Each structure stands twice: as structure tokens, then as C-alpha cells.
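Chains: A, B, C, D, E and F, in written order; residue numbering restarts at 1 for each.
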Amino acid sequence: MKLNKVDLSFQSCTASYDEADVVIFSVPMDATTSFRPGTRFAGNAIRVDSFGVEWYSPYQDADLKDFKTVDTGDLDLPIGAVEDALDIVYEATKTIINDDKLPMMIGGEHLVTYPVLKALKEKYDNLHVIHLDAHTDLRESFFGRELSHATFMRQAHKFLGDHHIYQFGIRSGDKHEFMWAKEHIYQRKFDFEGLDQAVLDLKDKPVYITIDLDVLDPSVFPGTGTPEAGGMQYKDLLWAFEQFGKLNHIVGADIVELSPYLDPSGASNAVAAKSLRELILILQKNLLKRK
Amino acid sequence: MKLNKVDLSFQSCTASYDEADVVIFSVPMDATTSFRPGTRFAGNAIRVDSFGVEWYSPYQDADLKDFKTVDTGDLDLPIGAVEDALDIVYEATKTIINDDKLPMMIGGEHLVTYPVLKALKEKYDNLHVIHLDAHTDLRESFFGRELSHATFMRQAHKFLGDHHIYQFGIRSGDKHEFMWAKEHIYQRKFDFEGLDQAVLDLKDKPVYITIDLDVLDPSVFPGTGTPEAGGMQYKDLLWAFEQFGKLNHIVGADIVELSPYLDPSGASNAVAAKSLRELILILQKNLLKRK
Amino acid sequence: MKLNKVDLSFQSCTASYDEADVVIFSVPMDATTSFRPGTRFAGNAIRVDSFGVEWYSPYQDADLKDFKTVDTGDLDLPIGAVEDALDIVYEATKTIINDDKLPMMIGGEHLVTYPVLKALKEKYDNLHVIHLDAHTDLRESFFGRELSHATFMRQAHKFLGDHHIYQFGIRSGDKHEFMWAKEHIYQRKFDFEGLDQAVLDLKDKPVYITIDLDVLDPSVFPGTGTPEAGGMQYKDLLWAFEQFGKLNHIVGADIVELSPYLDPSGASNAVAAKSLRELILILQKNLLKRK
Amino acid sequence: MKLNKVDLSFQSCTASYDEADVVIFSVPMDATTSFRPGTRFAGNAIRVDSFGVEWYSPYQDADLKDFKTVDTGDLDLPIGAVEDALDIVYEATKTIINDDKLPMMIGGEHLVTYPVLKALKEKYDNLHVIHLDAHTDLRESFFGRELSHATFMRQAHKFLGDHHIYQFGIRSGDKHEFMWAKEHIYQRKFDFEGLDQAVLDLKDKPVYITIDLDVLDPSVFPGTGTPEAGGMQYKDLLWAFEQFGKLNHIVGADIVELSPYLDPSGASNAVAAKSLRELILILQKNLLKRK
Amino acid sequence: MKLNKVDLSFQSCTASYDEADVVIFSVPMDATTSFRPGTRFAGNAIRVDSFGVEWYSPYQDADLKDFKTVDTGDLDLPIGAVEDALDIVYEATKTIINDDKLPMMIGGEHLVTYPVLKALKEKYDNLHVIHLDAHTDLRESFFGRELSHATFMRQAHKFLGDHHIYQFGIRSGDKHEFMWAKEHIYQRKFDFEGLDQAVLDLKDKPVYITIDLDVLDPSVFPGTGTPEAGGMQYKDLLWAFEQFGKLNHIVGADIVELSPYLDPSGASNAVAAKSLRELILILQKNLLKRK
Amino acid sequence: MKLNKVDLSFQSCTASYDEADVVIFSVPMDATTSFRPGTRFAGNAIRVDSFGVEWYSPYQDADLKDFKTVDTGDLDLPIGAVEDALDIVYEATKTIINDDKLPMMIGGEHLVTYPVLKALKEKYDNLHVIHLDAHTDLRESFFGRELSHATFMRQAHKFLGDHHIYQFGIRSGDKHEFMWAKEHIYQRKFDFEGLDQAVLDLKDKPVYITIDLDVLDPSVFPGTGTPEAGGMQYKDLLWAFEQFGKLNHIVGADIVELSPYLDPSGASNAVAAKSLRELILILQKNLLKRK
């Protein structure tokens, strides 16, 4: 019998970094979370519970085992030092995209998407973002800070430019955010209507997909810090995934805001793990298209 | 730096009693609960978790901060003495309506609505009630008692009269209750169909709104003592709120049966807090209409 | 005052074995569970929480108290001995059907359905199965074993024959299972579409109904070992029950895979208890039809 | 195979009422609970979890199977009607002691001990009580009521008389209670010191033992409504049980205030079940002594 | 009936700021927490659950109602901005001590003690600290930061000086911390031995008491982010409180590191609330001595 | 920045198999568990939570980083096939000891110790076992099976021989087990008295240490399937570890029966992780002695 070092990579994503096309990394950061923290544990919770998820997706008729994906685990972050942590996320993203691989990030709080966008923008000048979320995340500042989970998309707008951000499912924010959105971004309140059209519009453009899992109804995804009632069903998210499959140039994706300790049933972990499987397959099939 | 006494009023409802138009009070009573008690803690759970709820409602395009609302906290009740406790709820309601303010109650078990209706009936002779619930609450008696959470609406019918009660979402009760309902009240089983028409019929009449949050599916609202599968989604409730906005003469409202310890994820608290925000805004906007 | 031995039969199902038409039994077995075990506690959890469920069903306009049902409790099983335990389930089923009563089983893991089908097939040569589930359960073998929760329906197919199994709601499995299904059984992926037609086709044939409650979305039923997002709402299950009511020859039914400790809110227990009430009434009304 | 009605008696206590020497009954009442209710579920929680407890006690070298004990389950109580419920407990106790059996009660809140004492006092004029508790329960009235969990022992004193109550482990109460205790009862604060001497003093007198399990430290017994830090270890309770074994005339016993939903680990249920086994054996061996 | 604004002050501490001698404030900060965050919710959790705690302490024979204490609630902090938050704690402490009142702080993570010590040192040149904790908190830096929960006492040493810090109960740290401690502070590993002597030594000196509640064994206090087995029983802490009562010049106190969501039983909240009651009474009685 | 595959080895035990002296492996098996299963998740729960444990032990003044330890993760086991799974544990142990390394196993249910002992006995003819446990595990058979968690030590006795097993802390079993123990093994009931003497007796003999963590009181370790009140404090276990340090020839060790989902506070995981650190250091220091 041969004994090896433990390998707790996400379900069957056991390629090496060098051979992989898609790179999973997780960001254990919840420093600017305003309500209930805990998303720092999301990455490893998904890894450990991924044993309950099949390799094969009947939705996409595709199998994780037919692709090369590496799981690089949690980034090593300084605790309580927001800027330093964001720099590390930026560096990780740069490394991955310089090596011509696609980043597949697991948050952490939503602020961790900011440095990924910054790095991607440097490579893809016409970068667009599809953003599923319950919250606008468009405040100019929040509790006196420019960079936080509640402001990051407003800050990202500064380098992405007008009309490069497409938000869906939004149902919480202050009045100013909703008013600002009308002029600067595409924003669909309450549901995903128009996502199919947006995908058509963005078909050949470089698109990053960021999914705050709290876009789902708290019934579907209670394991999150700021549950916001009135959200989407999981079948709606599956429909959104189906749309994403029609894009020709996806440059990366993330899922954020799983806070595993808040849902003792483990169902939220299962939701996140299944979503991760679907997104990895979307990224991998997107690469196939481009070959 | 100025230090003041702690203020744990519901999200931004920090007016004084005298200046307020709407008065929040909570009733820590679960004495006649037949299954799992715990609703007595609902008021303070909602207060503490209201920090996770925005002031602004994108559904109503209205902001709590633009109105005067006071939160008077838990009523001080004798424990285990049902009649005495109900008297205190009655007195509180009388005080509020005599001061020409609108009562916004947080239960407790559903029996606490009974004394509110009694007090309101004395002021509004043609009082009607819109009642969202999973359970009929129409038993003649329950475990040998006339006044309990399972009988209160049947008892209230004695002073409200035939055809003044409009029930929606009902999916549990005994056979006799359902048969009795056919003759004496408007009752819609299983969903909210007809609520828009009912609102039209009641448009200019004095209407009280009582919402047993277990009308929601247990997936949406697991934090309740008697979860009853097959209920409404939160988007259905938002649609009901939209209908309520068309009424011209709302005289008060309540949400009851949150039992916070039963849902460790906190999602049920968030559902209740968001519903409370919407109802406060409905009451406040209703007052504006009448000015 | 007369004191008697404790009776914790499921809600009002207090007939004796001899006078009963329907026989409830539960199977405390989760030995081949691959992810999170705990279904062995389902039977007693449902019994204890059945106090929160009404006797009367407004869906079927029928009352448990108008029928004779016995609850025989957990079977007494050897722990860790899969084959021996399955033999005991087989013997219990034989006893019940030899006494011309209908079996109403509570799992346990889904493998416990296998010996029930084996016993029923010996009595009803043309036995058909309606199978609601998130998972195919059609593997040829699983972790080196032929009999497990992931293989049992494939094994049952060996004696049921082609086109006698009707699956609905399936959304997880490996690719080979889905391909095999296309040739040998009726399989509807993702939802219940076609169930009404299947019921018409099977109207007068002997039909067994097996419901893995994880066919429900994890939001509705988080208390299960392998939650699989993207499932059915409880109203969909109620619709399926309505279809079952149109069958003329139901020979038994089961609900499996409740794992009560995984849902601290108790909502999953309530879902299972309500489903059990509906199925008992379906079985009892089915017997009435045949008299 | 023979199928019988489910029997969920406490671990191996399956005698009939007529043949039994000790009678278990549980009282699902928590109506006057001032903090967190839920003790009404204690009886059935102990029954279901008693499967995890051995029949044999290595402490007493005695086995439940060598004795005749019946478990009569929950009394059937009117909900929210305190006086009526207490009457039923009184009647049950009268029935048991008139049949020359020993009552072994499971609470419920501590008020349920009051009617048991009243019934016993009518049979045993010189009745003494050993009372283990964190709380004095000696208020003259509480929230305006004479009969509540916080007053019951003061009320019982009215018929038991001075110096017939022996309290141990007390660490919470108001100042007046502690002062009153000095003159009217034996009260040991904080621990069990003196319990061995008390047992010697009461050796041949009729003694009832009432154990509020919150006398244990919350670490040992978190599943209770009003946890009070600084309590006893379980080994201390085992020592107390050893002392009780030296009494010659025990007339009954109870354990109260388990609130099972408050301890999701189930450890509190296990503590209660083990304590119940020990007390049943103490009662049974006490009867043997007297034969 | 008179209705007032809700008052959720800690149990009966309802004085105004001006009339109070002791000032409770809580610090909702867990930004540098390295393992499981959540202590930001401690203040309000203690407030809400303080209803389960008596006003009277039988240990000190003293009653909260006989003293003037104000509860000023959570400080309003910028989220994710460590230095700014610490400045606000510093300002609050300055305000309180300039008004000749005693600060009674509720953490938050342990770093919040740092600015309190800084403020107190400016008033009391010979300030000493008694520090109960499982962890040394003496790292020179931690994850690249000088100010964190793991370094704060080492940083405080820079202005407190050698031999002004007295640690007890320490059982976790790295080797360098333990070695550094030998030369610069008094450190008792594993238990409270020597605390009585330390109190004698510090009898008339200005002493601040800081209690990381994780000094208690995780069995006693599971609701904390970094549980460390092998800790103290609550009776040991009561003994420590008794020693503190012998000090003549206490200048403030705190309890930190309660993370309420981690202990669903609520027992940890009860432990913290009782400890807070004892400390308030110690502070108040200390002021009496000095009058 | 360099990105590598995720490494979730237990805290700093990141050596390769070849360079390691001590080999951690975990056994995800709970097939014969008679009460609450779930121990199969222990290994990964300990890995993920080991981030909360320091590398350095102040008890042994030793640091994990100064030694070479490998963590090989969960063994890959067939589910529901007891004998096959035990064979794999046996093979793993053979591999490790043939490579002259020490096995450090994480259970799983206690039966997994049986094949380890079998393998070790083949290498060390005079093998002795120190066994800390709440339960005797000495049944001749259990629910009809010879090999189960409740029988394994009786079965191991068949090859270990009389007086080679030393049990401590035992407080649950049936009468026959206790009687059998008197003749065939050393058994200390209820506590660890005599463990120091046993260590002296076994000083130079080959000793395996097996620790069922339920030997601890459920207050200290609630996360286990069969909590048994009246157990040991963690300080007692630390004292036992100190004794183990005096042995000269330890041949391996295990900790079993952590069931992580049963303790939502995570404290049980922390207890297990700290115990694992201590045992690894004991094994490593034992090897140093022998060099």
C-alpha cells in the first residue's frame, strides 16, 4: 500500500499548477464585513464538503475529470490588514493570467473581487463584468472607507468605466446607489430578467463573472452574513449558468460570501460546491471553444 | 466624545413617543403555544439584527429615516397569566390609538392580536382584518380554552361580525374550521389569490393587517414553532405588501410567530426585520395619504 | 385517573396491528450512506414531531382519524450488517402483505427500499415503481459493493425488468447512469413533468411509490445527508400527491433519507411528517376505492 | 415475523402499569418559565435518546432489567392553563401513590413539583424534601403570581412547614429569598456540602427528591432555560446519588428543567437519561429495602 | 399606560451617564481575529440575555439596583479600519476617566484593551494590569502587524514597563513568548495559583483587570473564537473575583472574546452576563471603599 | 508569486512520507456505530480547525516544527463493508511499521483500532495497550456481530492475551463486561487512578495508546456519538499525557470517536486537535529517546 500526503483539493480537481487550465484559489478574508463575518472559512468548507458533489454535471453534460484544474487552496493573508491582503489577491491573479490560465476564485467577502478586476483590466482593456448580487455594493464610501464590500463595485467602476458593469438580482442598497446606477451601469433589480440579452450583447467581449451567492434567496442559501429575503431560486441560477455558457470569452469567475458556520445543515456548502463545479465546467468549456 | 445610554431601537426608528406617527411595540408572550414556544424573544432578536437591514426600501422607494417612528420595546408582562397579559396589550393599543398613532406590533404568539383587534374595534366600528397565515386559528376552543393562538380569530369574529375577516394562505386546520369559514369569513386556501381584489373591496374601509409569518414556506421562514410545508415564497409576500399599499385606511399591523432560537442561521430574523421595515413604510405612507 | 403505557405512534395512528389497513414501520439503517449518515433516527423524530401536524388534510379533505393505521415503530436491526438488516426489512414486508395490509415505510437510507420491492414483486408480478429522487441510484456498483443506496434501483431493475421504473426530479449521477437510464427506464430529469401522464399509464397497474425526500430543494428539506441544489418546491410534491390519488392500485409507499440532526430548525421533520400524513391518506383512500 | 405497536418507553422500562413498582411520567409544561421555554419536550427527548444509555449502572451495580418499571409518557395537559395542568399532575400522583407505587416524574418546569408534593404530603404527614437546584425558587410571588417556577418551594413550604426542605447547590435568587431561607429551611449555597449529614438526619423519614438539573454547571448541562454558571460537576451529582442510596424511605423523585432544543449536541439529553436511570434504580432498591 | 422608548441596558443598569459611577460600553470589533470572528456581537447578546441574570449576587451580597451604572451600548466604529477604531475606544475611555467614572468594557477581540490601557496609563502613572487569558498575546508581531489580538499585551508593555503585567491561566503561545515573559512580566501558566499573593502585592496600586473569557475551559465557555482546552472552571473565576474584591484601587475592567453565535445553547452568554454583574459590583464596591 | 496545490495537512505536519518519523492517517468509518454516527468526518474536521492550534506545546516545551511528521489524510474505504475497510486499515498500519515509522491514527469509530493492534502484535510480540475510554468495549458480541465498536477490545484480547490491556476511565458497559474484565485485564473504573503506576510497570515494554475521546466528560467533549456523563476533565488528560511521556517504547497511538457535526461550537474539534498535537510530540520525543 502506498501512502501519500493528504490531498483535499476540490472534488477531483487534482491537476498540478503547471498542467492546469483553470486555477482555483480561495481568499480567507472578511475584514470589512459589516454584519456577520465568517466567509474566511468558505474555501476549506467547500473543499471538505465537495465529496458530496458528483464530478459529472447533467446540466452541461460535462465531467470535471475530463479537464485539468488545480486547486491552490487559501492564499496566505495578513490578518486585519486590508490593503496588504488585497495586494496579495492582485498578485495571485496576475500570476494566473500571465501563465494563460483562468482564475476561479472563492471568497471571502466581496471586496476580494476588486483586485481581481484590477489585474484583469490590465490584460483586457475592454473588460466587462456580470455581477449577480442582492446588494448594490455601489456606495461611494462606507463607514468612512473607500474600499469595502459595500463600495468595491463603485471603486471598480473608476477603471472599468461606464456601462461595463451588468448587475442582476439587486434588492438592497441606499437610495443614492440606485440613482447612481441608473446613469453608470446596467442594473436589473429583483431578478435576472435581461440576463440572456446581456449575454448576447457581451458575446465576444472579455467578461468576468462575479457571483455573490446572497443573490439567492436566504431559503436557498442561509449561510451568508447578510441574508436578504426575496431572492432567486437555485433553478434561476442554473438558468443564468446556461446563459453564461453562450459567452465566447470568459476571463475568470468567482463565488463569494459563503459563511459556512451560519448554516449548520451544510446545505449552503452544498450549494456553493455545486455552483463551483458548474463554473469550472463553464470556464473549461469556454477555453475549449477558443482553441 | 459624548456617551449616551444605549439605544437598540429597530433600525433608525429613534423618534420619541410624542413625535412619532407609528409606534412599534413587541409582546413577549408564548403562553398558549401548543408546539414549540420561543416567540417571546422575537422583538429583541429583530432589534439586534435590524443592523443588517437597509433603511431604504427599493420596493416602495421610501426610507425609514424620512418618517417618525418610535420603538417602545417589549411590553412588561406577567408570565403565565394569559388574561392579564392580554389586558396589557389591550391597554397599550388603546393608548396608541387614543394618541392618534398607528400601532405596529411584533408578536409573540398569534393570540396577542386578539386584544389589539378588540381595542381597534372600539374605535373603528367597521373594522376589517386581512389575515395571512398557514393556520386557520378558527377553533371554537383548544385544549379546553377559549382564548388561545388556535382560537383567537374565531373569538375575534364574535365582535368583528361575519365577512369582516379575510384570510389568505391557509393550509392547516381541522375540518370543522374549514367548514365554519365558508359561511362566516372570506378564506383563501393555500395561496394569496384574490388578495388584490380584496384590497379593492376594502379600499376605503378601516383595515388591520395581521401576518403570521408562518404563512411563508418553512424554507423561507424556518424560525417558527409550527412550520407548515407548502407555503408562500417571500416574493409572494412582497406582492401582498404592494397590494396593501393601495389601501387608503390602514389602522395598524402586526407580524407574529417568529421564534428566533429555532433558526440558528439568523435568516428568519432577517425575513422578519425586512417585513417590519416594509410594513412601517406602508403605515407611514398610508398616513401621508390621509393628511 | 387511568395511567397507561406511553404511546408515541405517529399522529393518531393508534390502531392495533390486527385492525389496521395500513402499517407504518421505520428502518433505522444508514450503513451504506456515502456522505453524512443519520437517517437511522428519522422514524422516531417524525413520531415525536408529529404532534405539530393536524390529523386533517385540506388537500385531500380526509382525516387520519377516520382510518385504521398502526405504527409498529423501528425494526430491530443488527448494526453494521447490511445483508442481515435487509433480510429483516424483507420479512417485515412479507408479513404485512401476507396479512393483506399496505406497507408504509420510513427510511433510513434509500437502500431499504430494495427488499420491500423484492417482497412486493413476489406478490405482484407486474409491479411498477414511481421513484422521486435527486439522485439516479442506478450505479452498477459503488465503492466496490453491489447493494448500496447508490445502486439499489439498478439492482431492483434486475427483477422489475425494463420500463417498470419511473423516475422524476433526477439531477445528480454519473454519466453512465444517465445513459443506462435512457434504455431501461423512464427518467425525467430536473422536475416532475410527465408525472401526470405516467399516472394515467399506470392507472390500473400495481404501483409502489418511493420518495427520496432529497428530491425537494435543500431549502425545503435541508435535513438530509446529500443536499442537491436545484430541486422541487413542496407545492410540486403536493401536486405529485394529487396525481398519486388517481392511481387505482397502489401497493405501498415509502419516504426515505430524512436525517433529523442535520436540520436544527425542525422544519425537515415537519416536511416529512406532513408528507407521511398525505401518503397514509392516499393509501387508505386507495383501499377504499378497491372495496 | 411478529409486528407490534411501537414502544418508546424509557430504556427497558417496559412493564405494564399494573406490574410496575415505579411509575415514570412526564409533564410537558413550561407555562410560567420566565426566560427560555422548551422543557415541555424533555420527556420524549429522554425516551428517544435513552437508547444511548446502558441498562446497567456500574455505580450501583444494578440493572434496570431486574426491576419492574412502567413509563406512562407525557400527561395530557391543557395548554396555557396553569391551574388545570397542576391539578392533572396532582391527580396522576394520587393515582400512583394510592396504588402503592413510587412516582418518578420528568419535568417540565419546576412548578410541576408543587402538586406532587401536595399529593405526597396528604399521604406522608412528615414529608421532607431534598432539593438540588441553582435557584432558590423561594419568591413570595413572581411577576404577580403566587404559583410559578420561581415561587413553588415557598408555596410548598406553607404545607410542608419549617425545616422540612433541604436545599443544596443554590447560587441564584434575590436577597429576600436568601434571608427568608435562613429562618425556615436548610439551605446550602454553591455546593453539596452537608448533603451526607442531611441524609443521615433524614434516614428513616419519608423523603422526596427533586432535582433541577440546572444545579449542574452549564458546561455539564447547557440544555436548560436559565443556565447559571458556577455549578456542580456530574461527579458531584453521582456522589449525591450515592448518599440518596442510604435513605430508607424515599417516596418519589423527579428531574426537571431539561430543555432539549437548547443543546444541539444532545449531551444534556444524555445527562438527563443517565440521571433518570440512576434515580429509578435508587427508587427500586429503596423498595427492596422495605420489603 | 405610559409608553417609552425601548431600554435594553444591561440588567437594571439604567442610570443616566451623568449620574453613573460605572460606565459600561461595548466594542463591536473583531478585525484582527485570526481564527473564528464574531465577537463584535457580544455586547448586545449580553444585553438581551441579561434578563436571565439576577440583580443580586450571593457571592458578594450586593445588588446592582443599589448602585448607579450606565450602559452606553456599542461604540460606533468604522469597519475594517483598525487604527481608527482603536482611537475611538481611546477617546471613549478618556471621556469616562476624565469624568471620574470607571470604565467597564465589553469586547470585541482582545486588541480593544490596548487603547484603554493607553488612556489609563496617562492618568495613572503606576498602572498595573491583571490579565486572565488562555493565550499569551505577547507576540512581537503577528501576520506582519504590530497591533493585533495576539500582540497587544507586548505592545502595551512598551508603555506599562517591566513587571507591571500579571498574567494567569496562560496555556497557549509560541516558545518565544513564554521565554520573553520570564524576564518582563509575571506569568502563571495553566492556572490561577499566586493570584491571591499578586492581589496582596498590588493592594493599593492602580490596577486594571482584563479578562479574556477564553481563560475558562471551553466546556464552560464554548462561545469563543479560539477555544483552548485545559482551562479554568467557573468556580475558579469566582475565586479570582473574590480576590479582586480585596484590591483598593481598581481603575477599570473588561471582559472580551465572547462570540455569541458559536454557542447556540446560550450558556456562554450567561457566563459573560454573570461575570459582568460580578465585575460591576466589584467596581462599585471598590468606589465605595474609596469614598 | 508561486502558486502550489492546496496543502491541508494537520498544523505544520507537512513532511513527505519518506522523510517522516510519525505518520498521521485518518479512518472515515462509522459503520458499526450503534447510536449517533458521524465520526467519519473527524479527520478533515481536525485538519481544517488545526489552524486554531499553536505549533508549540507549553506542557512538553516542544514544537511540531522541530520534527518530521506527515499527514496522509483519510484512507480510501469501501462504504458499508466493514471487513474490507478493516483490512485496509491493517494494510496501512503494516506499511507504516514496516517502514519503521510510528502510526498516529485518527478515528472513526473505535473498531478501527482493532486492525492496528493486529498489525502491531505481529511486530511486537509483547504488545501492551493503554486504553482510555468511557465504555468497556468488551462485549463478546453486539447486535449479532463479533466485530464492532462495542466488542473490539474483547476480540483484540484474543491475540493480546490476559493482562496486556490497561483500561482507565471506564463508566459504561453491561454487567458481564465488568465481570469479565476483573479476570482478564487491568480495568480502572471512573477515573485515571493508577495510570502512573501502570506506566512504571510498562516502562520498557512496547505500548500502544488508544484514546476514545469520550473518556472526557461530555462537557469537555460533547462532539461524540454516545456522550457519557461523569467523565474526566481535560486537565486529567493532560496529566495522563505527562505519564505517557515516561514510557520508553511507544509503538503508536490513536484518538477516536470525534463526531464533529454534533458540536456546533467547534470546541470538540479544538480538543481533538490539541490532543493530537500532544500525542504527535509524545511519539516524536519517544523516538528521540530511542535514538
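Please note the rule applied: a residue touches a chain if its C-beta (ideal position, glycine included) is under 8 Å from a C-beta of that chain, and two chains touch if they have at least 3 such contacts.
Here the structure is a predicted model, which means the values were calculated and not measured.
A.B. asks: Thinking of D-F, which of B-D, A-F or E-F forms a repeat of its interface, with over half the contact pairs identical?
C.D. replies: E-F
A.B. asks: In terms of residue numbering, is the interface formed by subunit B and subunit E classified as same (over half shared) or different (under half shared)?
C.D. replies: The interface is built from the same residue numbers on each side, given that over half of them are used by both copies.
A.B. asks: With centres defined as the mean C-alpha position, give me the subunit A-subunit B separation in Å.
C.D. replies: Taking the mean C-alpha position of each chain, the two centres sit 38 Å apart.
A.B. asks: How big is the gap, in whole Å, between where the Cα atoms of subunit B centre and where those of subunit F centre?
C.D. replies: 55
A.B. asks: Where does subunit A touch two or more other chains at once, residue-wise?
C.D. replies: 36, 41, 217, 219-220, 261-264, 266 - these are the residues of subunit A that touch more than one other chain.
A.B. asks: If every chain is a node and every touching pair an edge, decide which shape results: line, ring, star, complete or other.
C.D. replies: Looks like something else, not a line, ring, star or complete graph.
A.B. asks: Which chains touch, pair by pair?
C.D. replies: The set of touching chain pairs is A-B, A-C, A-E, A-F, B-C, B-D, B-E, C-D, C-F, D-E, D-F, E-F.
A.B. asks: Could you please specify the touching residues of subunit C with respect to subunit D in the complex?
C.D. replies: Going through subunit C, the ones touching subunit D are 1-9, 14, 16-17, 23, 25, 41, 44-45, 47-48, 70-74, 88, 91-92, 94-96, 261, 264, 266.
A.B. asks: In their shared complex, at which residues does subunit D touch subunit F?
C.D. replies: Those residues of subunit D that touch subunit F are 51-52, 54-56, 58-59, 61, 63, 217, 219-220, 233-235, 238, 263-267, 270-271, 274-275.
A.B. asks: In the complex of these two chains, what residues of subunit C are touching subunit F?
C.D. replies: 30-34, 36-38, 40-41, 77-82, 84, 142-145, 148, 261-262
A.B. asks: Mind pulling up the subunit C residues that touch subunit A in the complex?
C.D. replies: 35-36, 170-175, 178, 189-190, 217-220, 222-223, 225-231, 262-264
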